[in-house]
Amino acid sequence: MSNLTLENVVKRYGDMSIVKGVSLNIGDGEFVSLLGPSDCGKTTILRMVAGLNEPSEGTIRIGSTDVTRLAPNKRNIGLVFQSYALFPHLTVFENVAFGLRRKGETGTALETRVNEALTMVRLSGYGERYPRQLSGGQQQRVAMARAIAPRPNVLLFDEPLSNLDAKLRDEMQIELKRLQRSLGITTLFVTHDQAEALSLSDRVCVMHDGIIQQFAAPEDIYRRPATAFVASFIGKPNRLKATVQNGRLVLGQGLGLVSEHPPGAEGENVDLFIRQEAISLSSSDDHRANRIPGIVALRSFSGPQVQYVIRIADGHEFIVQAASSGSGSDLAQGQHVTLEVLPQDVLVLPGAAQP
Amino acid sequence: MTSVRSGLLLFGPLLLVLTGAFVVPLLLLAPTSFQEYQPGSGIVSGSFTLGNYARIVADDYYREVVLRTLGLGVSVTIACLMLGYPVAYLIVRGHPRWRLPLTLLVIFPLMLNLVVRSFGWIVLLTNRGVVNNLLTDLGVIETPLKLMFNLTGVMIGLTHIYLPFMVLMLVAALQNVPRDVEAAASTLGSGRFHVFHAVTLPLTAPGIIAGSILVFVLTISALVTPRMLGGPTYQVMATLIYDEYMQLLDWPSGSALSFSLAFVTILIIWISSLTTKRWAGLA
Amino acid sequence: MNDQRPGFSVTTIAWAVIIFLQIPVIVVVLASFSETTYLTIPPQGLTLKWFEAVLTDTTYLTAIRNSLLLALGSTLISLVLGVAASYALFRKMLPGTEVLTSLLMSPLIVPSVVIGVALLQYFTLVGLRGGFLVLLIAHVVITVPYIVRSALASLSGIDLSVEEAARVLGANGLTTFRLITLPLIKPGLVAGALFAFVTSMENVPVTIFLAGPRQTTLPILIFTSVEMGVDPSVAAVSTMLIIATVAALFVAERWTGFHRFV
C-alpha cells in the first residue's frame, strides 16, 4: 500500500499536448476519480501511471519509488480495463491466477489466493468457466478479481462501468466502493460520469483540456466549483451573465441577484451558475431568498421529475427541475410564477469566454 | 530495450534473408541481361549489348511467343470471368446452406498440387485420353482431336487452374453489393437482367478488375501448365525462359526475357493498386 | 424480400463450372486405379499395381522424402522468421510499416520463374548451387509471404488490451507473447502454415532451376516424367498426394477450426 504522486507530468504527441503539466497527490488508501469529458487527458494519465505510456516530462512516484520510466510489469499495479481485457483462452481461475503466477506463486497458496479474490467479487465457484460464458457484469467482476489478487500497491480503473446498463452500473458502483474500502488500496478511477465520480470518491479531480480544473472532496466540487468549467460540467446548471453593481449581481431590466459567494470586483462581468434543482417555484417565507418573477414557457413531465422552462423579464430562460410529487409540479404553460433561489445556490465565477 | 531495438531484432533475420536471397538476386538479373552470349563459348565477359532486349520485339519467333503469352492472358481472363461470375453469384446470392459447401468445392482444387491438376488435364486431353476415347466410342469422331500441344489445351488448362482465384475475388466483390440496392432497383421496375446490368455489374466492377488483373498476371507468368499441356514446341514466355536457361544456356537472353516479364507484371499490379486506391476513395 | 435467388440458367451454368473444376482430380484418381495405361470411361479394370510400383521405386520415394523435408523445413523457418517480423510490423516497432510490409509480400508479385532464374544465377555466382540449403532458403522466400499475411490478419483480430493486461500483471514481452498472443493467433497461423506447406510442396518454377539430381522433389519428378508420356504411376503418386492433402486439411480443421481464416 502506498501513496501515488504525479509531479508536473506532461504528455506530448508531436506538437500537441494532451496532458499539460499535472501534479497530483493521492494518499495511501484514498479513492480518487479523474473526471472529465473525452480527450481531457484522464485516460492518458492513467496509462502513464500504469506504465503503458511514457510521460514526455515529469515524474510519477508510487510510495517512495520513482516509476516514471519503469516497465509496466515491474510496478505492482492493478488495472481494470474498460473492455475488461480478459484472456479469452484461459478459464476464470487462470485469468485471476495470472498475476500471482508471474510472482512465482503456485500450488495451494495460489489456489487460496485466487478463491479469496473470487469470493470477494462474489464469483466463487466460477473458476472453471470461460470468459465468453459470462455476462457483462460477471466479466467485469472477474477483471476486478484479477487485478486485486496479486495485492497491488495501486489500483487503476479505466471507465470500468461504462459498458454496463444503468441498473447494473448502480449495483456495481456500490460493490466497487465496498471492495475498495475493505482492501484499502490506493485507487485512481477514470470516468466521464460525474454522478459516479461524486458518489464513489474521497476526492475528485476534474480535468479539462489536459489540466486539472479542481481537485477536492465531492461536496466542495459540487457546492464551490473553482472554475466555470467545473460549474457547468457538474450537475445541470443554468448559466447567465451578470454585472457586479453595489455588491449585487445585475442581470438586466433591473433584475438582480444576491449571492453568498464572493461576487467579484465592482463593474466586473461575471458568469452565474444556478442549478436546475436549486430553484424553487413555491413561495416560502425565507427573506434571504432571491425572488424573480417569470412566466412558464414550457412544461415536460418525465416521471419522477417535472421540467419547466421559465422566461424572465430580460429574456433569460431558466430550466427548473421540480419533484413531481411536490408542490409546484402542476404549473401550466403561460402561468406567472416566482423563482426563488437561495444566495448560497448562486455560484459566481469570473466572466470568461465559453469553456 | 527500446521498441526500435527489439523491432530490429524481430524483423532483422527475415530482412536479411529476403535481401540476400531475393532482392539482390533479382537486381543481378539486370547486368546479365546486357551481356552478350556466344553459342558454344559462353558469355563474353565485359560485353554490353541491348541485343537481348531488341530481340524480344524484333525477332519473329520471340515476338510471336510474347504476343501469344499476352493473348493467352487476355483470353484466359475473359474465360475465367465468364465462367466464374455465375459461380460467385450462386455462392453469394444462393441459398445460404450451400454457401460453405460451394466455396469448399471451389477452393479444394487450389489445395491440390498444380502439377497434379495439369497432369489430370493431360489424361483428359491427350490423343488417347479420356475425352478422345469417349468421343470415339460414341461415334462422334473418327480420328482423335488434337487437344494438346496447342492453344486449346493450354487455354483449357490455364482457365481451370486460375478459375478459383477469379471466383474468390468476385465473391468478395458481390458480398459488398447490398441486397437492398438490387431489391430497390427491382421495386422501381427493373427486370432481372436489367438489375444485373445496371446495378450489380457496375458495383462489382472493382472486384472484376482486381480478379482480372490477378488472373492475367498469373497467366502470363505460368510455367508448369503451359509446358505440360503445350509441350516443348508451343512456347510461352515462361517456358522460353526455362529453355534458354536449361537447354540453351543463354543466360543473358533469358535474363532479358525474365526482366521484361517481371517488369510488365509488377507494372500492371502497381497501376491497378493505384487505381483501386483511387476508387476506394471515391466509393 | 427473398426472391432474389439466382435464376435457373445461372444456377445450371454455375454447377457445370463447379463440376468442371473437379474433373481433372477425379480423372487422376480413376487413372491411378485403371488396369490399362490409358484411362477409359468406364475404366477397364481396377488394380493397385501402380501404387505398388510407386511405393517400391526409390526415385519416387526419394523425391517424396525431399519434398516433405523441404516443405516442413521451410514452413517452420518461415513461421519463426515470419511471425517475429509480423509482430514487429504490427506493433509498429519500426518506421516505414507500409514499405516493409510490401517488401515482405513482394515474392508474391514477382513471377516464380523469374525468381527461379535469378536465384540460379545468384547461387551459381556465389558457388552454392545444388545443395539442400539453397533450396531451403529459396522455399523460405516463397512461403514466408503467406505466413506474414496470416499473422498480420490474426494479430489484427485480437484485442490489444489483453497484451497490456498481461504486462501490467507482471509478464514481460516474451512471456506475454508466449502465453497470450501466440495461443490467440494460432488458428490463423495454422491456415497460413498450411498455405505455405502446400506452396512449397507443389512448387516447380523456382525449385526446378535449383535442384540438383539428388534433390529432385515430387512435383519436379512428375513434371519431367510427363514429357515421356502418360505413366499411370504418375497418377498413383498424384492420388497419394490428393489423399494426403485432404487428410491434412481435415486434421488441421479439427485441431484449430481454421476454416474461418481461409
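We just call them A, B and C in the order they show up, numbering each chain from 1.
In this section, a contact is a pair of C-beta atoms (placed from the backbone, for glycine too) under 8 Å apart; a residue touches a chain by one contact, two chains touch by 3 or more.
Just so you know, these numbers come straight off a predicted model, no measurement behind them.
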item	value
Pair joined by more contacting C-beta pairs (B-C or A-C)	B-C
Most centrally placed chain - per-chain CA mean versus overall CA mean	C
Rounded Å distance, chain A centre to chain B centre (Cα mean)	61
Whole-Å gap between the CA centroids of chain B and chain C	18
Whole-Å gap separating chain A and chain C, where each centre is the average of the chain's CA atoms	56
Complex interface listing, chain A residues touching chain C	50-52, 71-79, 81, 83, 85-89, 98-99, 102-103, 146, 150
Chain C residues touching chain B - in the complex, by the definition given at the top	1, 4-7, 10-11, 13-15, 17-18, 20-25, 27-28, 31, 38-41, 81-82, 84-85, 87-89, 91, 93-94, 100, 103-104, 106-107, 109-115, 117-123, 125, 137-138, 140-141, 144, 173, 198, 201-202, 204-205, 208-209, 218-219, 222-223, 226-227, 230, 234-235, 238, 241-242, 245, 249, 262
Interface residues, chain C side, partner chain A - complex	159, 161-162, 164-172, 175, 180, 183-184
Contact footprint of chain C on chain B as seen in their complex	3-4, 6-8, 10-11, 13-15, 17-18, 21-26, 28-29, 32, 83-84, 86-87, 89-90, 93-95, 102, 105-109, 111-124, 126, 128-130, 133-134, 137, 160, 163-164, 179, 182-183, 186, 192, 220-221, 223-224, 227-228, 231-232, 238, 241-242, 245-246, 251, 254-255, 258-259, 261-262, 265-266, 269
